[in-house]
């Protein structure tokens, strides 16, 4: 019996979408107002789903407290109240689009969660725009 | 790395559930209060998900602005503040159930989005009733 | 100790904004796409607040079941899955704007709730547009 | 054309997470504050999805009223305003974790829904913690 | 310039509505399924609003971190994962209706927040039922 | 009959809480992680309420399209995808706390809305923190 347990979390960050190796004009043409050199920001909402067998002894797939602490340590403490471009090493040379952020988060969690659990990460950049990654 | 980008949109429409080739009594037995000849209506909420590879140059699967404009052009402009039965050609002879609406929307978007992207459409008829179609 | 108890309810209706004594052109200029002669519709969300003293015996201002039944009888049964213009007598000669609907609902409830309770009605026409009336 | 129709419902219950065959200390170490012997409680939110072919005659996969009545009969009437540990037979000897509850609900619905429909059940224990089961 | 700052919090509790000095039959007639002797429970959502002048030096009415810590200390730590009837002294002889709970919370906060700030407490017992108290 | 019409809008911005005339250490002690020199950001949600008499001819207090356009012009176009500290003149020498932002927005709208209408502005900095200003 494979069940998915999911946990919502959030972090508030500034970012700018652009490539350092492109001119401002090219960045402007591709990324529009997201290319504001002074940055803008979001309340990111994160949903992490972990799929595995129910432990028949506890009735848990994974204690949601453990998952919640892991998200706090790996994601919230590193991304919350930060500038993604300037303060988060993973985005030094990687454009912090929602797509790239969700893959970075998935990889960070994949390293910490045992391999027989599947992982899905959903990231809301705004209430109307979100992305999903399952490591496929 | 296949990521799904999703965009929420909405439209407000009137509709009536019934078949023209059935008697009022039969329509009433099957569709109940949804068969009101004077119509009723909904704030439809729409979530369109597009799955594909991240473009390594931009960090986008697809610019969400392009997806949002496409939804506006193909769905919102044609369905919003309309009577689905009377104003939308697709439902001239097709009962506008949530199931039929979601398939119509999926087909309209499938025609406009490149074939190597997968599409999923979720349609909320009310906050408690929704349908999902993936073209399968 | 005056406490407000509030109850959420909803109804799904079709309507058209226009005045019968105006030309189509004038209605179109003032009400735009809301003047579609074939109607459009909404999932209306309703929040009814009733303010009064806590009954020291029960700990209730009013049993929320009584309030909920009253909303069902006075509002939901009459407005849900209806065309407000054609099926609801109050809007035979009254334009069913959100403002007029909220006043009509407040008056219907005022007639049924004892006079020493204050009443507030909030009506969401869409998740982003709502109106509030307190009988003032 | 396989479409999923989904219906949201809810029930409000008390529960306690523990095993009768463990000491209080062991239960406390594993289940923490969820092991309060006097119980705590939740507003559980339930989303049931049923996937099948659209009936070309009605345009329905399944009348959502039938699905809604089934959820009421099988889940709400038995779980709502109950103590899951004491009042619900399925949890006499089964720890009422979200994972175990979602499997119990899925099995109850599986017995009542025709076999060619797939079923997915999502259960929110809180707005930030939820579980999903598809019978796999 | 008087501004209200508001903070949302939550706690998950079991409770039973009844009076010890009434018969079970009388409690059943008045409180219905809320009188289950084995308790039921809710995810209570709490919104605390504090109204006062903006401090021209900081731009804060009150640091929301201070308000959030106060709610944690006075409300969450005492009510969360508890049985309100059995574990919370204020409800030993007071029926834990939403109305009585919101007044208890307001009084606890009133004792800890400086007198020139006004306080409003909103308590959601379910997403559709809530109560509001302003100390009037 | 005085009715309030309310409109929700949103903007996504970066900001930093600090005073230029304080040391970093003092700013850090007062504003904590909100004082990150590289900025952080939010999806601000805005609710503007306008209270006035219903125009008996149209049934409107104010055409919500006019209110929505006004919010777009005065707030969204100036704040969205901006750095509040660097890009918005009002915050050159004013700490962009939620309290100060809501007063700035109220004043901008007060200048554009006729004086016999009352205005209320609610600003969500996060889903759990919000402020309200009524010009009092």
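The first chain written gets the first letter, and so on, giving A, B, C, D, E and F; residue counts start at 1 in each chain.
Simple rule for what comes next: a residue touches a chain if its C-beta (ideal position, glycine included) is under 8 Å from a C-beta of that chain, and two chains touch if they have at least 3 such contacts.
Remember, it's a predicted structure, so these values are computed and weren't measured experimentally.
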| item | value |
| --- | --- |
| Common touching chains of chain C and chain B | none |
| Taking each chain's C-alpha mean as its centre, the one farthest from chain F | D |
| Farthest chain (mean CA position) relative to chain A | C |
| Same-residue or different-residue interface between chain E and chain F, half as cut-off | different |
| Length of the line joining the C-alpha centres of chain B and chain D, rounded to whole Å | 29 |
| Geometric centre distance via CA averages, chain E-chain A, whole Å | 34 |
| Residues of chain B engaged with two or more neighbouring chains | 127 |
| All pairs of touching chains, each written as two labels joined by a dash | A-B, A-D, A-F, B-C, B-D, C-E, C-F, D-E, E-F |
| Chain F residues within the chain C interface of the complex | 1-9, 49, 54, 57-61, 63-65 |
| Touching residues (chain side chain A, partner chain B) in the complex | 17, 19, 30, 32, 94-100, 102-103, 127-134, 136 |
| Complex interface listing, chain F residues touching chain A | 10, 12-15, 33-34, 36, 38-43, 80-83, 86-87, 126-127 |
